[in-house]
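Next, two complexes with chain A in common: one pairs it with chain B, the other with chain C.
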Partner chain A sequence: MSDNSYNEILQLLCNRLENISNTDIAITPDLSLIDQLSIDSIKLLNLIMEIEDTFDISVPINALADVQTVSDLASLIHRIKTESS
Partner chain B sequence: MAYSPGFLALKGQDDKYNYFEGKILSSTITKLNAPLTQAFDSQPSSDLQISVTPTINAQMQRLADFDTLIEALEYAAKGTTGYNFHDARGNLRSVLPYRDLRQKARLSAQRLSGFGLVRGSRVAIIADTSPEFIELFFACRYAGLVPFAMPVPVNLGSHAMYVQQLGAMLNSGQASIALANLDYVNFLEEAAKETTGIKWVGTPEQLAELPVTDTEPQTNLPDETAYLQFTSGSTRAPRGVVITERALMSNIQGIVCNGLEIQPDDRAASWLPFYHDMGLVGLVLAPMVAQLSVDYLATRDFAIRPLQWLRLISRNRCTIAFSQPFGLKLCTMRVRESDLKDLDLSCWRAAGIGAEMIRPDTLKKFAEKFASVGFNDRAFLPCYGLAETTLAVTFSKINHGLKSIRIDAKTLVDKKMAVRLQAAGRKYNEFVNCGQPLPGHTVKIVNETGQELPGMMVGSVLVHGSSVMSGYFNNQEETDKALKPGNWLDTGDIGFLFDGDLYITGRRTDVIIVNGRNIRAQDIEEIAEQQPEVRSREASAFGINDDDGTTKIVLVIECRLSAATERQTLINRLQKMVYMAFGVNCLVELVPPHTLPRTSSGKLSRFAARQGFIQRTNLTDPLPAVESGDR
Partner chain C sequence: MNLLDKLDAAATARKALLPDGVGAFGIPIEEIYSSTEARIGERRILLLGTNNYLGLSFAPECLQAAHEAIDKEGTGTTGSRMANGSYLGHRALEQEFADFYQCHASIVFTTGYQANLGTISGLVGPGDVVLIDSDSHASIYDGCTLSGADIIRFRHNDATDLEKRLRRLGERAQNTLIITEGIYSMLGDQAPLADIVDIKKQYNSILLLDEAHSLGVLGDTGQGLVEKTGLINEVDFITGTFSKSLCSIGGFCVSNHPQLDQLRYISHPYIFTASPSPSTIASTRAALKLLRNGKHLRRQLWNNAEQLYTKLSKTGYQLGPEPGPIIAATVNSPQGALALWNGLLEHNIYVNLILPPAAPENKSLVRCSINAAHTPEQISYVGQVFAKLYNSILE
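Our next item is the complex of A and B:
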């Protein structure tokens, strides 16, 4: 997983979120993680752990304050990934 | 101990977790199972080889017999012990021996003095788990200034709410200077724009560029304020507890000598946030005052990988580590069987438990899981305290483990009396023995009219003694509510005494504690009342307990909307706003107008609203609040 384009990251994230959220709604980039997907804190921690392990990055806690949607999160991962490589 | 703010709002319910794909699973295990041997000397990513501070000090231990924090640091600085910071993977990142802390803090104090602030002026510091925070905290004391710690943002999408929360604290504490590490300083700058009286906002690096004045540190006096401790993440009216040097040193002495019976070979490990009283007083200040070394893991890193905390304890042979019950639950839930083989927790003699209601089950499950790696359940050390008493009020007996009693549930509700379970088959509540007050402290139980109750009778828990706060900073009204005549602190908790030991049975309805975090019901209601569809005094928030002991927030709204889509939109928006403010999910119930019960003075009664909700939803209430006590 050396070259993660934004779209690849987004796709991975959507697949993953489909598994962990308990809803039938299709995961789209604009979907809100908070009120539409109900990602509670435990799920969020697990998700971040997976993201960190998958992409070999460290997600800074301050950055999450500006994440509301699926695409926000994908952009954040992409940015960290690009900056660290 | 300590019902206070802080800890990441985590919701414990889902103990299943998956990985992106199978291959990730194995790589994760490989990483987490990396040998424990890396720690002591090697540091691959750093040019300098650093090693943790030793457990055994080079000088004689003095057990917290100091008058002020600075006096304690001056002594600790003569030894070799100190603070150690570890990263998410468990690698040692930086070391701050007390000797260096003294030197750095004195230097920063000389820079702070350049601002020419009046003695006792407040300095706000965002308290991430970093050496810089501790240096600044002590720099303030060397400069005769009063520091207060502010939280780091922990919730998804919380930017706006977090800035509001910081602004409220800056205003309430009337801070003259505000500091944060680079990661957080932009939030702080935003918050400072909305406040008045702030002279300077910056990072520790920016402070280091300021000129060093030749001011000599003045001696602090025991009656001077040592720091402020904020008690809830309220965006409207946060309250800063005023703690004097005398109260602090008295509490620390109680913790060190009586609660923990500290020895020269003790060593602590902690993931507790530095802005939480248990994290700050219990695991930053107290260890320094007793010249112990401490190993830190950032709260966020613990929450994501709780195993790292246990590995730190195991690897560095730590003897003291505190947690809220929720932290233990995270460990039980998320540490895999395959992770256990490298752990040896037999060194852990004091597993202090506090900060939220302790349920025996949580502790029992933890002990079962980790018994095979040497965890001794006699290490469990339940205690009780709150920010308003500096930190600790009672400690159970060290090395005795968890003691609890089973109380007949019906008598508890009907007669507000704790009667030990007589016959099998009756419903009961099990309560944990939190032990006896520290020397210089008294606990009493009173009824609604303030009359002292005999043992086994359930009522409000009041505390008197040398560690009780002077009041809330610049807030006489709240101070008068909390401090009763004779300087008895009303803790807001409900409980009873049995053979002199304190048992906490619940919390009055004005504060909801979710995973160790204090959330004021009023703050949730205010979020609701800010919505155009909701009128003031038509929202009521309270906590309900699930069978498994987790607390859920319920928000009941009197609502005039009839269209289903409009109603759903309101529910979604409220849930989102509560999540962004407090990082917890809440259940929103819309009810017709005039459903919520009011008191004779027209005030909403949260207690009655809660009872009504429980009836409507046919819930059983595993832990009755016993007393209303809306205040």
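Our next item is the complex of A and C:
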């Protein structure tokens, strides 16, 4: 990944969520992580650790309080990545 | 979805895991016979899910101390220590914990949960960082949330992963509180404390160790993992609970940092709650003496633990990485775990059932906690029943 643009982050997230979600729903940015994709708290926290390693950033789990959808999560990662570079 | 609908959704999710009538959580216990046996329904049940590691819940010394305290000082303190004052027993127990750990001071909290909540939220705040093991107990997660600090998780018992995350923090690492546990409550494994201490020193961070499940269990005098590893002077804060090896309720924090005392004035879980009752403090003090001198109890506990771990391991159960007083069999499905738990209860054995998402890796656990007062015959019987059920349920 070259510049970790928002769209690249979103694409990577969608790919990863496809593997860990228990549903057959196609992953789109507006889907709710918990209600629609059945991502429970443990799965989400483990995904955050993977994301931290992929982008070499720190994502405090308390920042997830405002994250509802796939695009919310992509925005959070993009913001942290931009601020850290 | 309104507030009550959310609770209905939670009830539906629970019923999907546990059908009506299966009382795996909060099982009704009609009568307690001893530290190892109770009556559930009409049956005499062997208790292997109580965290009563040293078997002191009916120790005559503890019973007598509690009786005397209740007669002398009443049933409760009716308020916080800040408002209602500190009884002689509160102050004596704090001195005894400080002596036990050869530390500057200690603070007693009303529960073990509050010991973590109060210590963590007193030590860090907004702008600081807490780095916690991913398998941390809920009291650690909740204490971190209450603090407002940034919460970062490192992979369970992985010191290399911890180091990587500290490195990423740059200068913030020196305002970071690292939290680990002596023995982890789910699989019974121990923290790699020496490696974590090395990293904490390298980054000039602060280290808090929760000895909830290791107090009384590890070390010559039962201090916990700090004593087993000889690293007591390298750990900044130690917390623990009275509700396991000490068989009462309450918690503590000990430290050589003189700033510990300030927690009494800033920590809400310490300030805004009633202090422990006199009988609780008295039985805890008596149990602490027994714990310190309880080398024989620890020997018996470890003999029992090793006997059962070996038997279950040979049977084919997937267990935690090392023997210890917590022995948890990992089962791939909640249904399999429930069948095993039910099978054990039908054979008059009570253990803990842990279903997702409470267990690590989204697995289910059937967890035993061993007691020094279990007889070799009882442990042998439990091993035989586990073996029988493995063949009939899990194979």
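Definition applied: the second predicted complex is superposed on the first by the 83 of 85 C-alpha atoms of A that agree within 3 Å, B and C clash if a C-alpha of one lies under 4 Å from a C-alpha of the other, contacts with A are read in each partner's own complex, and residues count from 1 in each chain.
The criterion applied here is as follows: a contact is a pair of C-beta atoms (placed from the backbone, for glycine too) under 8 Å apart; a residue touches a chain by one contact, two chains touch by 3 or more.
All values reported here derive from a predicted model rather than from experimental measurement.
When both complexes are overlaid on chain A, chain B and chain C end up clashing with each other.
In the superposition on chain A, contact is made by A:Asn46 with both chain B and chain C. In the superposition on chain A, A:Ala26 makes contact with neither chain B nor chain C. More residues of chain A lie in contact with B than with the other chain of the pair chain B and chain C.
In the overlay built on the shared chain, the residue A:Asn62 is in contact with chain B and with chain C.
Touch criterion met: A:Ile34 reaches chain B, while chain C stays clear of it. Steric collision with chain C, judged by C-alpha atoms after aligning on chain A, is confined to one stretch of chain B among 171-179, 261-269 or 477-485, namely 261-269. Residues 40-43, 45-46, 48-49, 52-53, 58, 60-62 of chain A are contacted both by chain B in one complex and by chain C in the other. Touching chain C in their complex are the following residues of chain A: 40-43, 45-46, 48-49, 52-53, 56-63.
Taken together, the chain A residues at the contact with chain B in this complex read 12, 16, 19-20, 32-36, 38-46, 48-50, 52-54, 58, 60-62, 64-68. Residues of chain B touching chain A in their complex: 8-14, 17-20, 24, 27-28, 31, 88, 152-159, 162, 183-184, 187, 300, 303-305, 515, 572-573, 575-576, 579-580, 583-585. Listing the residues of chain C that touch chain A in their complex gives 129, 134, 144-145, 148, 150-155, 164-165, 168-169, 356-357, 362.
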